[in-house]
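Can you read through this structure? Questions will come right after.
Chains: A, B, C and D, in written order; residue numbering restarts at 1 for each.
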Amino acid sequence: MDPQQRIDLNADVGEAFGNFSTGWDEALLPLVSSVNIACGFHAGDPRVMQQTVAQAAELNLAIGAHPSYPDLVGFGRRFIDATPDEITCDVLYQIGALAAFCRATGVPLCHVKAHGALYNRAAVDEATAQAIIDAVCLYDRELAVLAPPGSSLLRLAREAGLPALAEVFADRAINPDGTLVSRRLPDAMIENPDLVAERVVRMVLHHSVTAIDGTEVEIRGDTICLHGDAHGAVARARAIREALAAAGIVVAAPHARRNA
Amino acid sequence: MDPQQRIDLNADVGEAFGNFSTGWDEALLPLVSSVNIACGFHAGDPRVMQQTVAQAAELNLAIGAHPSYPDLVGFGRRFIDATPDEITCDVLYQIGALAAFCRATGVPLCHVKAHGALYNRAAVDEATAQAIIDAVCLYDRELAVLAPPGSSLLRLAREAGLPALAEVFADRAINPDGTLVSRRLPDAMIENPDLVAERVVRMVLHHSVTAIDGTEVEIRGDTICLHGDAHGAVARARAIREALAAAGIVVAAPHARRNA
Amino acid sequence: MDPQQRIDLNADVGEAFGNFSTGWDEALLPLVSSVNIACGFHAGDPRVMQQTVAQAAELNLAIGAHPSYPDLVGFGRRFIDATPDEITCDVLYQIGALAAFCRATGVPLCHVKAHGALYNRAAVDEATAQAIIDAVCLYDRELAVLAPPGSSLLRLAREAGLPALAEVFADRAINPDGTLVSRRLPDAMIENPDLVAERVVRMVLHHSVTAIDGTEVEIRGDTICLHGDAHGAVARARAIREALAAAGIVVAAPHARRNA
Amino acid sequence: MDPQQRIDLNADVGEAFGNFSTGWDEALLPLVSSVNIACGFHAGDPRVMQQTVAQAAELNLAIGAHPSYPDLVGFGRRFIDATPDEITCDVLYQIGALAAFCRATGVPLCHVKAHGALYNRAAVDEATAQAIIDAVCLYDRELAVLAPPGSSLLRLAREAGLPALAEVFADRAINPDGTLVSRRLPDAMIENPDLVAERVVRMVLHHSVTAIDGTEVEIRGDTICLHGDAHGAVARARAIREALAAAGIVVAAPHARRNA
């Protein structure tokens, strides 16, 4: 048995573009152990990528690529009916582009987490999931893949022999079947920092979370995503860190990598 | 003395984009020893890059990245007043993106040749040249850099300790001082295939070329660029290959690389 | 009764982009009475738009906007899950941009035909169809809308009081229910110029076409689309023009407009 | 003599893009009489344009197009060596796109102000200035053109018979020759709200401003630009409005237009 509980906290960062900034990276970066860095298709121009990799390296964070459908104006949040071949090539391109900044900075690329609509599609569509996994396998079979528990993406990543990390969300309400409550419903987001923090601690220690109907649901995550773009997100992230520390849980990336 | 004369022939390829094709790759690829593959900023989407790397790998060609200013509509032919930092990041991004397809295909990335206006600017502007060289050094100090003879780019690449290859042009008229005749002048391009082929052979064997005023000019190139986008380019490329073979000159890339 | 049969022939043109040309406009423009000009979202940069409007004006063609999802790399052929509001704004933007070149050239903008995946989606999805119609109504209620017979788009355009033109295809096989045979099936395209020409004449004179199972299907089109991007398209277009002339059918745009 | 002094205050707005917001429009819009709305080339996607036109219409502001070089990642702040023909077509495209939203909203398009590097280039380069003016003349000879006092752009606009408005800046230090102090120098920006407000009042009433060396310089502006993107900009804008009101100066757009 593990003498000390550990959990990975991740955040989507580097989502500025040119003159457009998002503003939350500075506050979030010191609170997480892993980051998913935008690669230019939904956000993140080359200079933003270089700077974000440098900041993450400074803080010793595990760095991952955050590839998207090519949709800057839609921030990668819209499904695009791309072919599996297009998806594989788009993901390879973005992984390589981010890996160049990791290499230039002397830090390893550790994982890949699809962004937005591509992530959501890969959770339920096998062809999309396999297209992403093909790209990862072609690039580097030691890259971890982040995916929702129970998703096509998680299952196919494991079948391909890739390190696969189940990702859960700190601030999202859960249905009795373990899926996320749709963001279109009013109670999809949990805003209270103390409540969010308490749920996270229970997820880590007891693999359990209270669903929206009050029942207890089993949940097993290898990494917990902290959203940066929601109001109050930084306050919630701080509350989570404090609660984890108070519970003696170490925040650390699970997938240490040698340098590229 | 070298028992056998050798020369590298290179071409800019992979310059299709989405539904838009250029059409000359198929004819040019079998005639060259090195290719410079567009990386998405002036041409070349991820799928085109993947396919072009695969074709070049099949023919055992030395593969290079062909980074550009971000200007798809201008095909990278317009100067953009980018900062050195922007240029370094843009070039790193494009090298990494192409390297991902090389890695997926199991072939090495061998060199970098800036495209269009970026190449022309780097020939004469030290800050631009250094920005490109910084990107190459940060990525891989074994990557060769292609640059015009006598240019800032060539000199700074050598000073940085990078393998540097002087690039000359098969079909361009030359001024008495060794520079290229401006494309805005009527006689800038030499169209006759036999004349072009004869000039190339003389460049390789005697390091000499007849300038536009009839004088002989010394010229030393490590690689000769064959244009693909001009009328009659493929006929000229074939004439060059035949003339080189007749003269006993081997066409081969100078910079063999182990796999990435 | 009309003493003389008339039909409109339309083609999608101006689908070059920057250095990338398509090559078929020159041959197709003299063969049609209406053109749908790309507006920059799937093809057609501002200079291409200006030149294409000038060419169409020279030939006295009816000019229409050909708006698309924003997807240059996918040539507008991929469904994007855009909201109706996004679609309305994207279409308005593109109509306005093309109208500027019409205005600069002194010719009217006559119609709007959605491109590719947007057209296909609007044929079957009411929200998409209404979003396009909203854009047209907001811009100019005298603009005609091209749409497939029996589509949501055609019906909603008529309900909105817009001039609506049913568009049929010269070179596509037809199912017994009047819909197009999917391009994924082997016999979707009819390649023989004489056969295509004969079908077009029968569509115009007898509102009838032979379906893929040999049955006769009623078909009523106000305009017939000639594809430019298929092999042999120009030969088919010429055969159609000759057959129409031989049958005494006038080729003319139905929607004469005063200048903008 | 005019019984009542008037001045136009303008601001660059609508410079959000997709998920990226700028944040200052809400505060600035009620403080100005004219707005220059981004048209998609440096900022401003179709939805942002639609919303910004609606907000400006609500406040009865004079609406202008704010066209740029095509450079989203560089926010239009980098010179691009575009040909005059490319500039004319790019500007026409952007004017038309914005005009569509004006037309849809039922308000007139009143003026054109080039953005960033295009504005700066047009101030000193006649070919660029003429290319912009050609676009405006082709579109609508009643559109006003904003340009710096003494610039090529202002002179050529007047020679073309266009309504031309000399634009001065509220918060920029002035050289003894009337030009702006370069932003690369430390004292280029005047930050103190009261000082800025006092300078503006003196510009309007006495056509005079204190240059950086303490001398008085004559300055005649038809419109004063309030920057939105600088720290403290909104506070300065409010101070200017109060000082103008206290001095009995009316803030109003000079170029009332009938509807398009």
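Note that a contact is a pair of C-beta atoms (placed from the backbone, for glycine too) under 8 Å apart; a residue touches a chain by one contact, two chains touch by 3 or more.
In this text the structure is predicted, and so the values were computed from the model without any measurement.
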- Could you compare the number of C-beta pairs in contact for A-D with that for C-D and name the larger? C-D
- Per the centroid of Cα atoms for each chain, what is the distance between subunit A and subunit D, given in Å? 42
- Task: State, to the nearest whole Å, the distance from the C-alpha centre of subunit C to the C-alpha centre of subunit D.
- Result: 40
- Of all residues in subunit C, which are in touch with two or more distinct other chains? 45, 73-74, 86
- Query: Graph of touching chains, which shape: line, ring, star, complete, other?
  - Reply: complete
- Spell out the residues on subunit C that touch subunit D in their complex, using ranges where they run on. 40, 45-47, 49-50, 85-86, 89-90, 92-101, 103-104, 135, 138-140
- Note on the structure: subunit A partner, complex, touching residues on subunit D are 16-20, 22, 43, 45, 72-75, 77
- Task: Can you check the complex and tell me which residues of subunit C touch subunit A?
- Result: 70-71, 73-74, 78-82, 86, 117
